[in-house]
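Both complexes below contain subunit A, partnered by subunit B and then by subunit C.
So, the complex of A and B:
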């Protein structure tokens, strides 16, 4: 089976410029620095990592909201990086995005109809309003949003309902891939599971593939088949969901997992947290050798010299650590 | 309405109409008594100015030296000036010039300001830098002096004054629009529109312009009184409209000369100007509160 989304050695860099008219590059922020993975049709890849590790940039780079400096992105057999702006406009239907903050991702001056119809009008051009409206109503049905709300405005909805509107907009063009950029982290905990379950239902119904970006491990565990852990612009571990939670290989993953509380208080009392030292290093000059060496609790000499390879440690479980 | 038709979504039956942000603002504005009163006052003032020739039986330019200056009475509500012209008539005709110049100059400033600010903010980077430095240079110039020199050179042409006054008002508007556009550019709904493949032009007109209109409207209503005052100032200096045409500035100028003997020549034009400026400012404040409820009231 060939993958729906294949990313190879993707790099998204941002130059940091100084000066106004004669701009010079003082540094390069390597937000995404050589990332490779594949996502099968109908599956979900969870992407976790702390704030600033480049996970959102990766998501936006894949659908070319940011221009990658190098690497390859293939979606449904088509090279996304090589597409011209014009070509891209037509192909955008195939990959959509759900944003983190449903209070910021909906234009406050547009009605629900205008918001969900915008992708339809953009893709089809001028169309009979009734045809568009029928589509909008069907989309509202599929995200369980009452039809009577079609003429309402975003500020008249709760966060969860707003996110449903955003999901309906993303679904409008029948994409195969949806980048979910922390779609539940701005919502109340009670609403989070509703939205997560909605996403899972929609995935089954429309055979969608998700790249699910989150810093919430339990949300990712709930929805993903595979999980990638990102640190400072690179994927450090990639494995199936059960495998990653059962036997995390990379010390960073181990530290992340140790922070997840158990629902059972007896287990919870025995939980040993691995505390990470310091903050994320400056991404404009990542440490030599292993990028994690400044904070790793298992660090050895070799980690300061050589950058570890991202290698299979058995059973499609990849890890970038000298010790695994 | 059949059930099937409703299911097709053609009927729109039972749909709850939402309250747009514009409607919300309108309701808030309606609650602001001062703004509503000011609005009707201005409406009356504007209507009176437009229909002035139909409303008054005196001519604004015909002198009656025999009559001379008389204090307010039943025939001449505001009295007459020293040349025997009815002051009420002249004040109404003055409103035509003053209000027209206020509205037109504000319009010129809005057009230039939005275009300049939107381009600068949207393109950003080097273009933005150059455009903003240019703006700062223009800011540093004594513009009133410019207008005065221009009026002296071109002569007292009312249309030149329209353009000149509008051209000095757009600077702040451009800055306001630029700031708003830069803030909006980072909004996720703009990213969402990009992800859908919406063109830049449509992003600007559908997603940005409606969202910058609030501050633009507020600033425009506050620009109008500023321009009216500037026109009065220029006319007061004798650089505005030409006799026998009147504007509030020229009337006040005449009034000042005759202040001690014929005080009504100063009092009535001055009060009219003051009331209009107050009304415009009340409306501006009301709109600001109504359009941006986040700005705390008092």
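So, the complex of A and C:
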């Protein structure tokens, strides 16, 4: 089976400029710095990491909302990096995005119809309104949004319903890949599971592939087949969902997993945690050697000298640590 | 001994759209040295109820319609602003969700941290500074003696939340109220702050009220748990009772719908529908429209809390007694 999405050595950098007229580059923020992975059709890759690790930038870089500095992106056999702006406009139908905040991602002046129909008009040009309307209604059905809401505005909906509108819009052009950037983080607890279930249903129905970006490990575990853990612009561990939770290899993954509190008081009283020191270091000047060496609980001399390779530790379980 | 005893609190907001019954039935007893967790989704009234106790509700449109909140025998709700000011910040301290916006970016930490001492005590400036450094050490900020002269932007998110906690502890309060103290933080930083809170409570005997939507945080910190839904307290009990023997269908649904790291599950049974509009609340149980166990009586009558005989465990449901 060939991968639907293949990313190789992708780098997205942002120059940090100073000065009003004569701008000079004072530093480079390497938000995504050499990331490679593959995503199979119909599967979900969970991308986890803390704020500032570059997970959202990676998601946006893949669909070229940011221009990568180097690297290769292939979606469905086509080279995305080499596409011209015109080509990209057409091909973007195949890869869509769902954003975190459904209060910000929907235009408050547009009705549900306008919002969901916009990609259809963009792709097809002016078309018979009835054809468009039929499509919009079908899309509303598939995200379980009552048809009678078609003339309503975003402010009339709750957060969960708004996220359904955003999902319907993403589905409009029958994409194969959807980048979900924290799609449930802004929602209430009792609504999160509804949206997760909907995403899983839609995946089965339309054979969608998801890149599911989230800081919430529990949600990622529920929806993903494979999980990649990011730290300071690099993937530090990549494995199947079961493998990652059963035997996490990278010390950062181990700390991340142990930091999540379980909704179970008895377990919480007995659990042993790995507490990480400090905060994320300044991403414009990441530490030499292993990027995690400032916070790692297993750090050895070698970690300050050499950057560890991202290698297979057995059974397609990749980890970038000298000790694994 | 109870430090705080709240009975039948009702806080309504009188808006153009109608009366928003943000808190419609809220009671609890906070024992000395205990941690009470208040759980609820956005709009369930968990923050409003606690803010009502401290007189932090904007009036109008807000109004405390009924209730009593006895702190060491004195009713907080009946106090004048000046009486309340002697309690608030000194005896009952509060930390908020977002450490980025709760600190003034123009003032040095020393100024903000010790301001409360200038208000409530007659300490000299050097005594206040010493106490500030002592508190920063207590919450685990390294090089406190020099860092106290820094500005907020020189601190990371986790460190700012530590500053907020230090600020709350500086007057040796009886009660610490933490409103979503870790929601804005990353998990590894959250773990640090939760550890700090557990550790602090061991060192200083104070009572803590923690407000959050994260049941994991509740499980980690709380002795007792109170579940809010649509302005009503729907269930209250010891943490183990709530997590292992939930009585109210909302609590049961909430616990089942959580994706979890420690449990394998195929499907997530979610609660259908969404929380109600508080202006349009009808008679009957507030959870009835979404409840899988709804009967005719649930739509007609608002249930009264039913106590389980075995323990201090109540659920506001017609059916919980025989569940």
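Please note the rule applied: the second predicted complex is superposed on the first by the 319 of 324 C-alpha atoms of A that agree within 3 Å, B and C clash if a C-alpha of one lies under 4 Å from a C-alpha of the other, contacts with A are read in each partner's own complex, and residues count from 1 in each chain.
Definition applied: contacts are C-beta pairs under 8 Å (C-beta built on N, C-alpha and C of every residue); 3 or more make two chains touch, one makes a residue touch a chain.
Just so it is clear, the structure is predicted and the values come from calculations on it, not from any experiment.
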| item | value |
| --- | --- |
| Clash or fit (per the criteria above) of subunit B with subunit C on subunit A | fit |
| Which of subunit B and subunit C A:134 touches, first, second, both or neither | first |
| Partner chain in contact with A:245 - subunit B first, subunit C second, else both or neither | second |
| First, second, both or neither for A:273, with subunit B first and subunit C second | second |
| Which of subunit B and subunit C A:196 touches, first, second, both or neither | second |
| First, second, both or neither for A:126, with subunit B first and subunit C second | neither |
| First, second, both or neither for A:24, with subunit B first and subunit C second | neither |
| First (subunit B), second (subunit C), both or neither touched by A:260 | second |
| Minimum C-alpha separation between subunit B and subunit C after superposing on chain A, in Å | 10 |
| Intersection of the subunit A residues that touch subunit B with those that touch subunit C | none |
| Complex interface listing, subunit A residues touching subunit B | 20-21, 23, 60, 63, 65, 88-90, 92-93, 96-97, 99-101, 104-112, 118-119, 122-123, 130, 133-134, 136-137, 147-153, 155-156, 166, 169, 173 |
| Subunit A-facing residues of subunit B, complex | 8-10, 12, 14-22, 126, 129-130, 187-189, 191-199, 202, 206-207, 210-211 |
| Complex contacts: residues of subunit A adjacent to subunit C | 50-51, 158-161, 188-194, 196-197, 215, 217-219, 221-222, 245, 255-268, 273, 275-276, 278-280 |
| Residue ranges of subunit C touching subunit A (in the complex, touch as defined) | 41-42, 156-159, 186-192, 194-195, 213-220, 222, 239-240, 243-244, 253-255, 257-262, 265, 267-272, 274-275 |
